[in-house]
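Chains: A, B and C, in written order; residue numbering restarts at 1 for each.
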Amino acid sequence: MNELARIVEALLFLSPDPLPVEALAEACECSEGEVVEALARLREHYAEGYRGVVLREVAGGFTLATDPVAEHAARRLLARPRTPPLTQAQAECLAIVAYLQPVSRPEIARIRGVASDSAVATLLERGIIEESGRSQFGAVLYRTTPLFQKLFGLTGLDQLPELARFDPSPEDEKEIRERLLKAGEQRAQG
Amino acid sequence: MNELARIVEALLFLSPDPLPVEALAEACECSEGEVVEALARLREHYAEGYRGVVLREVAGGFTLATDPVAEHAARRLLARPRTPPLTQAQAECLAIVAYLQPVSRPEIARIRGVASDSAVATLLERGIIEESGRSQFGAVLYRTTPLFQKLFGLTGLDQLPELARFDPSPEDEKEIRERLLKAGEQRAQG
Amino acid sequence: MRAATMDLDLEVFQGPFDLLLTLVLKEEVDLLEVDLAEIVLAYIDHLERSGQLDLEATTEFLVLIAALLELKSRLMLPREDDDAALDWEPEEAAEELLARMLEYRRFRRAADFLAESLAGEEGFRYRNAPLPPELRKASLDVAEASYDAERLGRAIGGLLRVPPPLNLSHVARPHVTLEQRLLHLRGLLKSRGRFSFDDAVGDADRVTQAVTLFALLELYKAGEADWEQDAPFAPITIQGRTP
C-alpha cells in the first residue's frame, strides 16, 4: 500500500459519513485520479469475505463498514444495555430523578452543589433516564425509563427503597425536595 | 485472516472504547486465548508503517487508530486538531489528579497555590477527568477517565512514571531554600 | 486619599480597593485569585506619589490587607490541619512553605511530562462515529437486573445530610454582615434623613466600621445615599438621595 492509499484508508476510517472522491483529493492535496487509484488499491485489500471491515461505495462516496459476519457478536457487545458500575455522580443524579421525577437539570445541579451535565448526559445516553417535557421556566425535565426499572429489578416506581430508611434526619417534616435543595446550598458553600 | 480475527476486527472498528480481551471473548463466545491469538493475527495485518490504521493497546484494551502519516490530511478533512494542547494550568491540575486521585478541588488549589476552577472545569468538559465521590467534608473528588489514558497513550494508570521521578534536584531544592531564607531576612530587616 | 478609594488594576479585578473588599466578602471575587502582593505594591506606589504619610489611612490599609492575608492563607491551608497550623513557629512555617514549593515543583514537572505525552500522541486519531442504526438502541428484552436499588436510597440519604459546618471559630470573622449594616444605614436614612458616619458606627469595633463603610459604598452605588467630607479626616455626613 503506498502512502496515499494509507492516508485515504485513515480518512475513510475516521469519517462517520461517506467521503466523495473530491473531498478525499482536497484533504490529501492530490488529484482525483490519484485518489481513484488509491481507492482501487484499498479495494483489493478490503475484498469482501476476507476482512471484518469492507470498503463500500454508497450514495455520496466511499465508506468503511463492518462485514455482516460480525453482526451477531456486535449485537452481543454493543446492543446490550451498557451497565458499568455507576459513578457517585451518576448515582446521585439518578436518585434525584428517580425520587423527584420529573425534575430539571438546574434543580439537579442545585441539589448536588455542582453542575451535573456529564452525569446526566451519560444516563440519557444509556437510556436510563429520558426527557419528559419542560418546566414552566422552559427547562427540560427528566424522568426514569422502563429500562431503568428493568436494570434495577423494579416492577414499578413504588418499589424504590423507602426513603425513611436512608433519611439521616427523618424528624424533619419538610417536603423532601425542599430539604434536598437546602442541603445542596449548604454543600455548594462548603 | 480467519473468521474470529475478522469479527474481532469488526468489533474494534465499531466500538467507541478500547476493548479488553475479556469483553471481546464474551462477545465472540470464545476463549480469551482464542481472542489473544486473533489479536496477534490482526497485529500482523496492522503492523505500523504499512497501513493507514494501526492496532493500539490503550486504556486497558485494544483499539484501532489512524497512523500519524495521515495526520496532516485528517486535520484538513476534519478541520480541527486531534486534541488541543493543554494550558500550563490544565496540565498541572491534570498531573495532580492523575497522581493523587481521588482528589478534591481545594486540594488542587492548595498545591498550586491558586484557585483552579476554570482549568478543572475544562478538563471535566473534555472528559479527561470525572467526579469520583465526595470527601468527608462533602467536596467533590476527581479522578482521571479512560479517555485520559487513551489520549495520552497509556495502557493503564500504572504506566505513569513514579512521582519521585519528578522530584526537584538537590540543586533546585537548595535554590528554593535560599530564596526563601533571603525573603525572610529582607522581611526581618524591613 | 483613603486606602479604600485607591484604584487597583489587577488581573482579576479593576476598580477601587473597597469594592474589591466588598466583592470578596460577598464571595463574588475568589480571594485565591487575588494577588495581594500587587495590592501592597500599588499602595506603596500611591504613598510615594502622594509624598506624605497619612497615618490613619495607612493603618486602615494595614488592617484590611492583614485581614485579607489571613483569610487567604486559611483558604490555602488544608482545612483539617487548621488548629495545628496556628501554632507554627516561624521556622516551621518556613519549612512548610518550602515543602509546599517543592511539592508544586514536582507536579509542575509531572505536568510537563503529561504535556509531552499528549504531544507525542498527536498523530493517532480514534474513530468517533455513531453506531450503525441497528446497534444503536439497547433492547429492553435483553436487559437484566444489574444494579441495586439500595444504591439510589443511599445516594438520596447522602444528599439529605447537611455537611458538618467547617470549624472557623479561631478565625477572626466579622460578626457583622454587610446586610446588617445596610439595614442599619437604611434605617437611619429613613428616620433621620441626614446623619454623620460617626453617629452611624458609634463606638463599634474596626471591623464593624469597615463593613459599615462598605455598606455606605453599596448605598452610594445603588443611588440611595450621598455623602460629603469637607476635608481629610473631617466628619463624613451622609444623606438620602432625593430621586
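The definition used in the following text is that a residue touches a chain if its C-beta (ideal position, glycine included) is under 8 Å from a C-beta of that chain, and two chains touch if they have at least 3 such contacts.
None of these values were measured; they are calculated from a predicted model.
Could you tell me which chain's Cα centre is nearest to the average position of every protein Cα atom shown?
Most central by this criterion: B.
Would you mind checking which chain's C-alpha centre is most distant from the centre of chain B?
It is C whose centre lies farthest from that of chain B.
Where the centres are mean C-alpha positions, what is the separation of chain B from chain C, in Å?
Between these chains, centre-to-centre, one finds 33 Å.
When the C-alpha atoms of chain A and chain C are each averaged to a single point, how far apart are the two points in Å?
Going by mean C-alpha positions, chain A sits 38 Å from chain C.
For chain A versus chain B, what separation do you get between their C-alpha means, in angstrom?
Chain centroid spacing, chain A to chain B, equals 20 Å.
Which residues does chain C have that touch at least 2 chains other than itself?
In chain C, 125, 127-128, 131-132, 135, 158, 163, 166 touch at least two other chains.
Name the residues of chain B that each touch 2 or more other chains.
13-14, 64, 66-67, 69-70, 74, 134, 137-138
Residue numbers of chain A touching chain C in their complex, please.
Listed in rising order, the residues of chain A that touch chain C are 10, 13-16, 65-66, 74-75, 78-83, 86, 88, 91-92, 94-96, 98-99, 111-112, 126-127, 146-147, 150-154, 159-163, 165-169, 176, 179-180, 182-184, 186-187, 190.
Along chain B, where are the residues that touch chain A in the complex?
For chain B paired with chain A, touching residues are 1, 3, 5-11, 13-15, 19, 23-24, 26-29, 50-53, 64, 66-67, 69-70, 73-74, 76-78, 124-125, 127, 130-134, 137-140.
In the complex formed with chain A, which residues of chain C make contact?
Answer in residue numbers: 125, 127-132, 134-140, 142-163, 166.
Touching residues of chain C toward chain B in the complex: what are they?
It is residues 30, 32-33, 75-79, 90, 94, 97-98, 100-115, 117-128, 131-132, 135, 158, 163-164, 166 of chain C that touch chain B.
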